[in-house]
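Working notes, beginning with the structure itself.
When the chains are written out, they are named A, B and C in that same order, and each has its own residue count from 1.
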């Protein structure tokens, strides 16, 4: 609880990194908006934006927001899986258009394991397609397998694994390609709380090892605040950023950061911003905040 | 072997035994049905003497051609229809009521067009089997999880790679079902055609034996065809179980 | 209100699509006729004209009634026996498990090869045709009914117990609506196969009926009659199956 001198210094560094500024800009969204025609000609649905976002190299950013606010659309737009209706997306200085750029990895919410391949073959899948040499493939896949703790499962098939293990396989499959930007869309959504916390630690470990930029979409505020350097709070549909909250955590952190007094304060702050938006998403009016009813 | 399998075996064996009893004691007239054991014996001697060879060769080749055409053209059509939603909307009602139409009525028409040779038979077998393959292909492609297509794009796969490395393996359980149905239907279509009207093949031989009051030959052939159908379908079923075992939830 | 509009538009769309499909088929037919000639097939127009003429012929209607009789009786027997057997096998789990592979195997058998046996048992009259029809149609009815019973959500049964319903009430208000959609699908598939069985039976060994008429016309090289009868059969099958399909869809939507 009492912050040591080292922890203070680490936190200052962590906070400072976020202020490195445009010289370390990794990805950028300008004026992004997404709309699509509604069912049976009832006009247009504005799913997202317009919004701007600057992603800095090596940072860990979380995005939280009410359901339906367009978080997944945002992630898919950055990845190049969806084309925005307006605005531009750029990654490492080049515009993202139609194709997923090299160097970008995505972990999806749904089970994305290829059911006809073993764990080992799943992880090797992308690497093999990229044309790496056989020994290179073997070395890197073996490393990813042990890194993600899948050693004793390398020969099994996804159908025989639990949800958490399957997500680890998908993460390993992404990892093995050494992406510089990793996008995760509610990867731990289907898992129980304890597993989520442990997976969160794994994610941080991954982040430190790979030094990649990470964007994590999550509906769990505590998860976002615990893991990220910055938390983007999105409004209800059409999603826009209400606020970007700096956590100032040191890089060497894990889930025990929840003991910090700052954690509670930040989480409460994010929720206060998010509460009204969540009620909007549910279709109810804000009763003015505060506690009880008269 | 599970308890159910044992009971099943007992039921089938018991039924055959029952028939054997009824026919041997004369409770069922020999002119109607001969004992199953006699059927088997006669069939065996027909095999040995080579009397079956010509008919088998003809039927099997017809079925094989009809099957291969059904599977390849049916699969290709399924791919195309799936890729063109406008076409699919047009074709959907056709597919939905396809098997409601007694396509067999076209058989005489096909004979009128192609003559009394193997082509009407193959055409009927194809007509039966291809639709099953198209429907199975459409089902399989529909059920490829959207996330897997996204995985293909994230791994920057080309269109061809996406189809062969992701979409086809993902759809393979349904495609295999289509394969099974296409075989069964080709089999049925060709044999029914041979039976009704043709100049050769196993179906024709059965009809000929019937007309000639040759119960022994007729029943031997019937036994052969039925056993063959059961064995083929069972073999495909077992193969399917093996292939898909890994993909089942534990 | 908006769902009503959607439903209407969907119906119109479907009708237009069906019409377009029909036009394409007729064009293909005409093209085939141009390629192959009068000897082998008749043109669309020629067929319609011939069919109109046939509708005035007593002989034609005699054949129609022969087929219709056989079909009606077969459908009733196949449906009743199929549903009864399916319910029994569905509720008595073990029997169902034992029977299902046997039934599936029977389903894929070329039942045509059993026709001689049927003829030897039933003779050459209408009973043989009915037997063919039932042979073909009863199995899908059984299989679908079995499946419907097995798919009854246990929650429904628990609800019935909680509400303290009698066996009859449970059957009528909870079980019946749960199984009806799938049983109906089985009946629909069964009808199509029963029709097929009856027609093929007539083609092989009968002196009456539409199947016989088709084979006979072919033998006497009366191509227009053959085509007219084929067309009449196809039209009949399509109309009935579309109606059944529409009912099937309605039942499934409600369920």
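We take it that a residue touches a chain if its C-beta (ideal position, glycine included) is under 8 Å from a C-beta of that chain, and two chains touch if they have at least 3 such contacts.
Note that the structure is predicted; figures quoted are calculated from it, not measured.
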Going by C-alpha centres, which chain is most central here? B
Return the chain whose centre of C-alpha atoms lies at maximal distance from the corresponding centre of chain C. A
Across all chain pairs, which one has the most C-beta contacts? B-C
Distance-wise, how many Å sit between the C-alpha centres of chain A and chain C, to the nearest whole number? 54
Rounded to the nearest Å, the gap separating the Cα centres of chain A and chain B is 50
What's the distance between the Cα centroids of chain B and chain C, rounded to whole Å? 20
Quick check on the complex: what are the chain B residues that touch chain A? 145, 147-148, 150-151, 153-157, 161, 165-166, 169-170, 172, 246-250
In their shared complex, at which residues does chain A touch chain B? 76, 79-81, 99-100, 102, 104-106, 108, 110-112, 114-116, 125-126, 129-130, 157, 159-160, 177
Which stretch or stretches of chain B touch chain C in the complex? 4, 7-8, 11-12, 31-33, 89-94, 96-97, 99-102, 104-109, 111-113, 184, 187-188, 191-192, 195-197, 203, 206-207, 209-210, 218, 221-222, 225-226, 229-230, 233-234
What does chain C use to touch chain B in their complex? 13-14, 17-18, 20-21, 24, 36, 39-41, 94, 97-98, 101-102, 104-105, 108-117, 119-121, 188-189, 191-192, 195-196, 199-200, 203-204, 211, 214-215, 217-218, 223, 226-227, 230, 233-234, 237-238, 240-242, 244-245
